[in-house]
Amino acid sequence: MVHQLVAPVLSNEKLQKKVFKLTLFSPHISKTAKPGNFVHIKVSSNNYPLLRRAFSIHRVGKNKTEFEILFKVVGKGTEILSRKAPGDIVDVLGPIGNSFSLPQKEKEVMLVAGGMGIAPLWFLLNQLIKRFDKDKVTFFLGAKSKEELLYAKKLNSMGSNLIVATDDGSVGRKGLITEIFKKEIKKKKYDPRKLAVYSCGPQMMLKRMTDIAKRLDLFCQISLEIHMACGVGACWGCVVQKKDGIYKRVCVDGPVFDAREVNLE
Amino acid sequence: MVHQLVAPVLSNEKLQKKVFKLTLFSPHISKTAKPGNFVHIKVSSNNYPLLRRAFSIHRVGKNKTEFEILFKVVGKGTEILSRKAPGDIVDVLGPIGNSFSLPQKEKEVMLVAGGMGIAPLWFLLNQLIKRFDKDKVTFFLGAKSKEELLYAKKLNSMGSNLIVATDDGSVGRKGLITEIFKKEIKKKKYDPRKLAVYSCGPQMMLKRMTDIAKRLDLFCQISLEIHMACGVGACWGCVVQKKDGIYKRVCVDGPVFDAREVNLE
Amino acid sequence: MRQKYDLSVNVAGVRFSNPVLVASGTFGYGEEYDALIDLSKLGGVITKSITLNPREGNPAPRTVETPSGMLNAIGLANLGVENFIKEKIPFLRKLETRIIVNVAGSTIGEYVEVVKRLSRCRGIDMLEINISCPNVEQGGLAFGSNPESAFACIKQIKDHTSYPIIAKLSPNVTDIVEVACAVKEAGADAVSLINTLIGMAIDTEKRKPILGNITGGLSGPAIKPVALAMVWKVAKAVNLPVIGIGGILNTQDALEFLLAGACMIQIGTANFVDPQTSVKIVNGLNGYLKEKRIKRITDLVGRLKIN
Amino acid sequence: MRQKYDLSVNVAGVRFSNPVLVASGTFGYGEEYDALIDLSKLGGVITKSITLNPREGNPAPRTVETPSGMLNAIGLANLGVENFIKEKIPFLRKLETRIIVNVAGSTIGEYVEVVKRLSRCRGIDMLEINISCPNVEQGGLAFGSNPESAFACIKQIKDHTSYPIIAKLSPNVTDIVEVACAVKEAGADAVSLINTLIGMAIDTEKRKPILGNITGGLSGPAIKPVALAMVWKVAKAVNLPVIGIGGILNTQDALEFLLAGACMIQIGTANFVDPQTSVKIVNGLNGYLKEKRIKRITDLVGRLKIN
C-alpha cells in the first residue's frame, strides 16, 4: 500500500552524461514493491518545481531495505534529483500503481525497452529469470545511439537472449527497436499466442507497440508515462483512453496496461 | 558605473549560525566601489526566487580584484546564497547607489551599527581610518545578544574606540545601541555640529536615528534597506519619503540618506 | 478536557472542528487519501464535483505544471450522482469529519436534480455549488460569470434543498463582489473563492496547446495573491461567511486568508505537493494560537489592520 | 547584405526591426538601462506611463515578491508630460529603436491632453494607452474594465492624434474579447495585453497588507498562463495586431505568445531578473528561425495547431 515516507539517499550514481541511478533507503517500499510499480517524489524542498515527479522502481536491493530508480535529466525536477547525495533525504510516495502480470510458465517471454524504458523492465527481468529458463527470455534493447545505450553489458552477462538496436546503427542492428522486434517474431515464426511481451519506452514507441499488439492480438503489457499531479488517483489528471472510450488513470489503474486495450496518440 | 557581470565565488565563510561572508571575484566592482554602494545579485539560476537580492559591499580586497558581502540567512534567497561555494559563479549587478560622504577632517566620527548594519560600515571604517586619527573614530556596535554580536574582536584590534551593547546585556552595555549612542554624546557633551555620524541597521533602529538626528540637527547618514525589484532606478518600487513629501529611490538616489531628511516608519 | 485553544468554526449552523477543508477536485472522493492522512483531523472533506450523469471528462493531457502552479482541464470527470450515492457516500459517512458535496451541472435543471437526489442522503453536511468550472463547454463558469445567472442558479437550488449552500465563485470576472452579492440575495449561506483562473500553455515543439482541452484552470501558489485580494474584497463588502481558496501551501498562507476575512480555508493543489498539507496546517494553526495566546481562531478572522 | 532570417514586423504602418519590446513601467524612461544593454538591439522601448501632471505615486512598500511573480503598486509615479518632453525625449530620440510612449490619466480629458502635447514632439513612433492600471484610485483600470468606457477613451484619443494607438488591456475582466472589440471599434491600431492581475499579500506578523496601497498588480511568470490564454482568445476573435505581455522570461516563452497569435511581445518583470532578457530573446528568436529554417518571424504568428 502507498505510504508517504522520508527516504535517505544511499547513493546517486552517474551512469551516463544525463542518466543517474539513485538508491533510496526504504524497507517499506523495498518489501512491498512489484515490477511496474512507481514512486512519486517531491524533488524540491522549496516547492519549485511544485509537483512531484514519478519514477518507476528500477530494482530492489537483496536485503529488501533499499530500492533504486533510474532517471534521465530532462528538466528542472530531474536536474535537482541529479544533485542529491548520500546524507540527503527525499520525500517519497510509494509504491504506487499496478504491476506487470507474470506470464504462464510455457510462454516465450520478450521484453522490449526503448531508452529509459529499461527502468521498470530491469526489475521485471530480475524477477522473471528467477523462475524462467533464461533462454526463453529475450531482451530487445533499443537506444538512439551507442552513447545512449544502457545496460547492454549487464544484460549480456545475465544469460538471457539480447538483441540490441540503435536508431543510427552505431551499435547492434540499425533501426527502431519495435521494428526489430516485429521482424524477429516474423522471422522466427513465433505463434503470437505463445508469447508474453512487456514493453516500456517513449510514447511514440509504445504507440507502435499497441499497433503491433492489436494487429497480432499479442499479450503485451506496456508501462505508460504521462504528466501526473496527485499520483494517488484523486485528480483524474493522468488519464489514458481505453478502446471503448473510457478513461483510466495511469497512476492507480496503471501504469501497466494491455497494449491491445488502450488508444495512444 | 553599474555593470552586469558573472563573478566567480572565491570563498563563502560561515561566521555565525546564520551569517556568511561571501567573497566574489570582480576587478570592476572592486576598483570602482565606494562605501555605501551595494550589489544586486541573482541568487538562483532557475528563477526561483525570481528577483535579485541587494547586499552592501562589505569590504574590497587589497589588490582590488575581489570584494565581500556579509549576509544573514533570513529567507529563500539568502539560503541559496549560503550554499554557494568556490567554483560557483554568481550574476551580479554593481556597484550601485550613492555612497557615504566622508567627513571633514576636524569632525568627531561615530559609526552606529545594529546587527547586520555592520556590513556597509565596515567598508566605511576601513576608509576612514586611513585618513583619520583612530581615536577620533568611535564605533557603536549593537546586537541582540552575545551570540549575534559580530566583529567585536576585529574592531577592538583596529584601534578606534569601541562601544558594545546588546539588547539582553549578555555582553557590553545593556540596551539598544541607539540609546547608548544618545547617552554617550550627552555624557561627553559633544557639540552636535562637530559630529559626523554614520549608521546602518534594522528599520526600527534607523527610525530612532532619524529622530535623534532631527532633534539634535546632527549630520547623520544612514544606509537604508527596502525591497527592491530592478535595483537600477527604473521601477520606482524602492522609495523612501523625504520630509517634503517627495519620494526618492533607495537604489539610485540612495541607499545613503541624510537622517534629518527622510521620514521612516 | 476542554480545549484551551479553540479552532472550531460555525458556518451556516454547521460546526467544524477546525477551519481547514480540502478543495473539490483535488481530493477525489476522500478515500484516495485515506491511506496517507488521518481524515478525521480535517475540518471537512469536499468531494469532486458531482453531476447528474457520469462524465468521462476531457481528452488527455489534462494537467501541466506552470511556474509555481499548474493548469488542469479535467472536465468534471465523475461517476454521476447515483453511483456517487451508492459507492462513495458509505465511506464518507463513516468519517469523523464534515462532508461537503460539490455539485455541478450544464443546466440549472441539472444542478437542481443532483441537489434533490443528494437531499435524500444521510451523511452530508453541506453542498458547495460549482458555478465556476472553466473546463466544460456548457454550464459551470457560464453561471458564475454574471450576477443574474448566478442568482438564478443558486435561487433554484435553495428552493429545492434544506442543506446549507456554499456558492463557489469564479475569479474570471470583472467584479466578484457583484456576483457574491447576487448569490447572497439568492440565499447562499456562504461563498467560497476562488476557483481557477483561465490559463493556457503551449508546446512550442509540436506547436500545439499542451492541454487536450486547449485552455485549463490555473491553481497553486502562483494565484495566491489574486485569491487573497478577492477574498479581502468580498469579505469586506458582503455580509456572508467567506471560505478562502487559492495557492495555500502552509500555515502562513492560511493565516493570510483568515486575516483577510476568510472564516475557513480550502487546500487544493497543495494536496498533490504534500498530502499532509491540510493536517500540518491544522496543527500549525493550533500552534499559532498557543504561541500568540489567542483563544479562538475566529478571533483572527478579518483582523487585518488597514491604516 | 540582406538579412536571411527576417525578424522585422510591421504594426499599424510602423516597422520594427524585431518583435521584442520592453514593457511600460519596467524600463523607466529607457536611460536607466543604457549602461546595461545595447538599446538599439530592441524592437522598441515603451516608457513608464506618463500623466499630465507629475505624480509622486503610492506610499511604500510598493513591491513584494510572490511565488514566481511580484506585486507592484507604484501608482503611476512619473515626472509629468512636460518634464518628460523636456528631460527624457532628447535621450530617447537618439536611440536606434522605436519609441512608444505609454499614456495614463484620471479622466478622458487628461489622456487627451497628454496625447495632444506628445503630438507636437519629434521622435515618438507610437502611443500605448494604459486603460488598465490597477494601482490608482481614479482612471486607469476604470476605463479598461468595461467596453463602453474603453471605447469612449480610445475614441477621444484617436480624434486628437495621428500617432498609431495601442490600447493596453486589463485581464481583470469577465470578457477581454469584448473590450478588445470595443477599442478596435474606437479606432485602436493594436491591442497589448495583459496588464497586471489585481493581487494582495499580507504580513502575518504585523497583520497588515504588505503594500502601502493594500492591493497591487501581479506580474511575472506566475501570470504567463493567464496572459497566453487571453492573447489566444483575442487574436482569434479580433482582427487587430495583438502584442503579448505577461511573464515572458525567455525565447521559449516568447514563442508561445507568437504561436498564440501575438505579432510582438513585451518583456516586463524579466528586465528586473536579468536586464539582458530582451536582447537574449531577440538573439534567441533569430537562432530559432535559423534552426527551423523559417524565413520570417511573421510566419510563426498564430501558427498554433488546434485539432
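As written, the chains take the letters A, B, C and D, and residue 1 is the first residue of each chain.
Definition applied: contacts are C-beta pairs under 8 Å (C-beta built on N, C-alpha and C of every residue); 3 or more make two chains touch, one makes a residue touch a chain.
Just so it is clear, the model here is predicted, and its values are computed rather than measured.
Graph distance from subunit C to subunit D, where chains that touch are one step apart, equals 1. Most remote from subunit D, judged by the distance between CA-atom centroids, is A.
As a whole-number value, the distance joining the C-alpha centres of subunit A and subunit C reads 37 Å.
Work out the mean CA point of subunit B and of subunit C, and you get 47 Å between them.
Note: centroid distance subunit A to subunit B, computed from Cα atoms, is 55 Å. Counting partners per residue, subunit B has 47-48 as the residues that reach two or more other chains. Counting partner chains per residue, subunit D shows two or more touched chains at residues 67-69, 220-221.
Interface of subunit D with subunit C (complex): residues 66-69, 71, 145-146, 172-174, 197-202, 204, 206-209, 214-216, 218, 220-226, 228-229, 232, 247, 252, 255-256, 259-260, 303-307. On the side of subunit B, the complex with subunit D involves touching residues 1-4, 42, 47-52, 91, 93, 226-241, 245-247.
Across the interface of their complex, subunit B is touched by residues 46, 48, 76 of subunit A. Partner subunit B is touched in their complex by these residues of subunit D: 25-28, 32-33, 35-36, 48, 56-57, 59-65, 68-70, 72, 74, 77, 220-221, 249, 269, 271-276.
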